[in-house]
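Same chain, two partners: chain A is paired with chain B first, then with chain C.
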Partner chain A sequence: MFPAQLTYHRAGSVAEAVQLLSDNEGAKLLAGGHSLLPLMKLRLAAPAVLVDIGRIEALKGISASDGGITIGALTTHAEIASSDLVQQNAPVLAEAAALVGDPAVRNRGTIGGSVSHADPASDQPTVLTALGATFNVTGPGGDRSIAAADFATGLLENALNDNEVLTSISVPSVPSGAGSAYVKFSHPASRYAVVGAAAILSVSGGACSSASVAVGGVETKPARASSVEAALAGSDLGDAALDAAAAAVGGDLSGDPMGDVFASAEYRRAMAAVYVRRALGAAASRAG
Partner chain B sequence: MTTRIFGSGIRRREDPRLITGRASYTDDIKLPGMLHAAILRSPYAHANIRSVDASGAAGQPGVVAVYTGEDTDGVLNGLPCAWLIPGSDLKTPAHPPVAKDKVRYVGDAVAVVVAESRYQAEDALEHIAVDYEPLDVVINPKAAAQDGAPQIHEDVPNNIAFTWALAGGDTDAAFADAAVTVGDTITLQRLIANPMEPRSALAQWSAATGELTLWNTSQNPHIARFLTCVVTGVPEHKIRVIAPEVGGGFGSKIPYYADEAITAFCSMKLGVPVKWTETRSENYLITTQGRDHIEEVEMAATSDGVITGLRTTVYAGLGGYLSTASPGVPTILHGLMYSGPYNIPNISGTVYGVFNNGCPVDAYRGAGRPEATTLIERLVDLVAAAVGQDPAEVRRKNLIPKFENGHDVATGITYDSGDYESALDSCLSAAGYEALRAEQAQARADGRCVGIGVSSYVEICGLGPSQVAGAVGFQGGLWESAIIRFYPTGKVNVMVGSSPHGQGEETTFAQIVAGEVGVDVDDVEVLHGDTDNTPMGWGTYGSRTTAVSGAAIAVAARKIKEKSRALAAHLLEAAPEDIEYEDGRFFVRGSPDQHKTIQDIALMANVAWNMPEGMEPGLEASAFYDPPNFTYPFGAHVAVVEVDPETGHIDLQRYVAVDDCGVQINPMIVEGQVHGGVVQGVGPALWEGAVYDDDGQLVTGSMLDYALPRADLLPEIEVHSNSTPSPHHPLGVKGIGEAGTIASTPTVYNAVMDALRPLGVTRVDMPLTPEKVWRAINDARNGG
Partner chain C sequence: MTVPVEITINGKACAGEVEERQLLVHFIRENAGLTGTKVGCDTSQCGTCTVQLDGVSAKSCTVLTVQASGSSVTTIEGISDGVDLHPLQEAFWNNHGLQCGFCTPGMIMAASELLRNNPSPTREEIRHGLEGNICRCTGYQNIVSAVEDAAGKMGGR
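So, the complex of A and B:
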């Protein structure tokens, strides 16, 4: 496990990181290293330049913001899993963070690195899609925001330009009284999600007043399950309603699911319905 | 009470240095002037080599030398196979350490770069140009044996390296007369051994003395020395092999590999030390894998479930070349165990050893016995289902009754001692079997998919009588030796030829010496792993180290005791027959105050001021122990699973093990071995499997895809034991290293199939991954 030769830079600030990215074509950002370094050790990735942003304090931590919370890109999964602010505003994000990898991965891996890597089997992109989060980005021309659902553009591809840095993620608070859940079919080896389903359900007067559902692991990027959400709207969230809604997830998949030796495309598709159903059941039981 | 140390679960003395990271492994050793080797490996599973152009690598930064098959050809000999099964028409095609004309699996060595750092060597590999002509590939061992399959070695038709047949009784008549016959095809997939420490070799050639020192991750340094001699031509007495700390092997560090030969070659060419350590990716590609069986099996029985016959045809994949011991694993260690713990009067089997375009296959924990036990236990369950009886009861009625000194079975071997029914009873009782069946009935009524698996097993270990080893074609002996040396201060060194690498025998061997001659266990240091300071021995594998090496220690310790008794008699001015021994003290019968401690004796023997007439100075003894028979540990295991029919997930909820390994020297270490063994057998039942695609590429090439068992996927393993001493062993011990692995694969498999039976599922290949189970359930529901 011997990475190819490279030049290493440590950026002291976001501005310096942006400058280093602009000056070095093909440079890659290094945060927690838990996605990039394994690829480099296998020589599946061989960036000539690494820009380490791991010590930029401005990118760390979780804070309350208008209508929700803001999570610095360098915040680790372990910090998210144990954060009171996350627990109060978006408990489903903490639930998912606790299921990422293993303790070593959670202690080193960062939410920004995870979402930027754009592995469709990661947990957080699915949850952030369901939460309707916004990704805050800094580049040479200034700052911009990208909706979570638009951030991953394909398998291991994201919407960042080569010289942009993801700085933070804005997560809106879930509605008061909403129930949420993330359930995961964990790969026994990698612990990535073969299928991951996130659901946030609100109830008003015995009927579903809002539903947000996303499913990951099945296709090359997380899918917002709008057919499922539509089927839930106004329903009583009883077993029959949840069964019918979960079955609708097929309509939210593009028809081009991923498959591998462990789980075929057909199986993943079938499991998407099962895991969405389980997420809906758990979220409904927590709503009210 | 020092003697009580034998049989007590004291902590492993090895652990503090291991768990604090202070142990020194091969890759930790750094010698002055040491260079680093990286090996270019074939990306093709089967290809002719048209040309190798290494010139581009030679000028790269830090590169000292580049060698190809042209350089090693005629200098290094081929890698030998050391288990030549007689009467099997065995073919032993050439296995050059560096491929020159043809590659036969992904990972086959093609060239080596030696550089000042490993990084530089790895970078330079990318500048070697190899022109390959890809050839058709075959992975499935049965497909490889068919007419028209890609021909891997020119002189091995149909890729069949050997055909080994076994016959006892009249199997055809048994099947012709049988009221009930059942059959199945069982796949035991390829497994990757995954020792925590990858393999490594550090070679240091001294041109001045003509001596070669090889630090090597070996389970058997004395065999490694012998084979280094065979491959490099350096005389055996000029080779020193050192296996320092070795971080697990599970069989994969028995073989002699191309890599150590290449490393030695580089050091001999350059006159400086050269180190090579495999990456985890290389370990997955090139370090021998286990199993790879396709087993077509049948069992005959009476309508009451009494087994009358067993018939098998087995295709055993060997990979691209024969590994050191590979022909012996699916034959001697497999077929001879077809009777299991049962009376099966008629047994016949044919095993085809078949080359295929995968990594070479060799011994992996259990080596042949898990493959045998799985087919037997699967068939017993099918018989139980066919006759409508409880699987535990069908086992009970077929078990060989208790015997204490020898029982012959139809495969031609003689078990040493056994009490199989007691083991089964203990296990059923510990599991609460009747209650489990009642709970299962209730669960099924509630629509839940609960299964209970039972298996009984017996295994062969303590390998073994050297005369038998020779008769079955093993190119070596299977005895062990030990030297026990007392120093004037009463401290003791024990030197053994076996080479423990995680099994805790530095502790258990000290316990043997403490138990025999009454020294404090902490006064005994066990030396192993260095051919220069240990006596000859054949190594640590096959659950043989405590059984054979431990016996040598016991015999040597008894020699120490007798010499001590004679010296004590002399010093106490008594007749030797009047000297009694207790707890490290020799005293005149009836006068315990008149005594000499073992430490007194050690001092007096070493200074030799007052020795009896004709007695040599010193207190040292050696023993060469060649066992009169193998040992046959046994037991019974029960597993409980629940299957989620919606997803195919399997939840292993309980695991109960009763093992009988004879006398236990350290019950805590026994329990640890059972834990590890059980987990290593559950893995292939549920998760593990090395998968090659049709092009011979390893799809499960890293721990991201190859699913090793994890603690959170397993229940508490409930470990119990019985003790039926081996009648022929000086200490009554049998061996425990592999028992768990041998029993647990079929136990868990049977539990899952028991859970799925009401759904109409009749077979699913291992590993029982969720999708396979889900498909089997859906197929059964759809009438498939």
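So, the complex of A and C:
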């Protein structure tokens, strides 16, 4: 299999990438290529122009920033999985990065490419939604920011304009003492998340003082599980409380989950509660 | 349309004129004539096309040749001197880590990265490190044993 005919440009800077996108209608950005190229080989996508941003150094790396960390869009899953800064500030992101695909995929796949692809079965969009991350974007008119929860707009669709580039992701540090976890039901061949659940829980005086929960893979974009969060607030995070909270995830789903030959919509919906429960259990055990 | 590319493969500069849509695995096999690297599933799941790209393992069916222009690639042909086998090759042979051999180049390229990052892996860690590589003949017991054996020979344990 090979992609349809295309014209390839290698951008030397973000400004050049924005210009190339503006000059070529329908052009697509190429980073690691591990989401886009498989689609192109299957001819599910056939952009006439590719703008390769994969060698722009300014888009790489992880740095400490005010209240958290900033992750360049081209940072690979392997780099995130092994980063001390991520481990210290948002360990759930490293936990999820280590579960993406397989080692070779993690070496090439980037966080920016993964979230921009907006595949509901990918891991990091769910985690970044739970973390309340912010996506930083550059376009012809300058820079703007988009909340993680608003970034995916539907199946394989995002909030970027055609000539905008996602440059970095700002991730707030999880509160000191918080427990966090990401668990997924991996598709056995592709390792994509049939269901993925992220939870960040804080405890104060034996009671849950804050909860942030998101679930992905079930619908066309990750959902913040506000019903689960509400059920956890003030609870003792014991087994009964976690059971009841996880069961509430049905209220956070639109009632229109995706289904395919591997996992039906009903099954995904049932598994959402199971995996949210596992994420809550793991996060609660790490809190305090 | 074709464009000029140059990729260093196993230490040797390989230049060519390729279609912009060409995949790296086809450049390696057809332009450079190195057919040890295989095309299997062609969907970046089976791992038989695994090579080292700028020092880390990559599935060469999911990289465009033009993307890799200017980079260095090591293929299965590049891991030994052509006379003596690499300890991983020797260990796959001694432990019956293959039947048809189609997955073996990718297995060995993935295993070499695993041993570079973790010279003394447990059997569980070997399985985890090879999870992007699929074998349809043997099952994985002998493959894991081969990597374990090579780790010992390479000084990891």
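Assume the second predicted complex is superposed on the first by the 288 of 288 C-alpha atoms of A that agree within 3 Å, B and C clash if a C-alpha of one lies under 4 Å from a C-alpha of the other, contacts with A are read in each partner's own complex, and residues count from 1 in each chain.
By definition in this document, a contact is a pair of C-beta atoms (placed from the backbone, for glycine too) under 8 Å apart; a residue touches a chain by one contact, two chains touch by 3 or more.
If you're wondering where the values come from, they're calculated on a predicted model, not measured in any experiment.
When the shared chain is aligned, no partner comes close enough to touch A:S176: not chain B, not chain C. By the touch criterion defined above, A:V261 lies against chain B but remains apart from chain C after alignment on the C-alpha atoms of chain A.
Within the superposed three-chain model, A:Q5 lies in touch with chain B and with chain C [touch as defined at top].
With both complexes placed on chain A, chain A has more residues touched by C than by the other of chain B and chain C. Overlap of the chain B and chain C contact sets on chain A: residues 1-2, 4-5, 42, 189-190. On chain B, the positions that touch chain A within their shared complex are 38, 118-119, 122-123, 279-281, 646-647, 686-687, 691, 699-700, 702-708, 710, 713, 769-771, 774-775.
Across the complex, chain A meets chain B through its residues 1-2, 4-5, 42, 185, 187-190, 192, 260-264, 267, 270-271, 274. Remark: chain A residues 1-8, 10, 30, 33-34, 37-38, 41-42, 50, 52, 54, 78, 101-105, 107-108, 189-191 touch chain C in the complex. Only residues 1, 3, 19-23, 26, 42-45, 47, 50, 53, 56-59, 61-64, 66-67, 110, 113-114, 129, 131-133 of chain C touch chain A when the two sit together in their complex.
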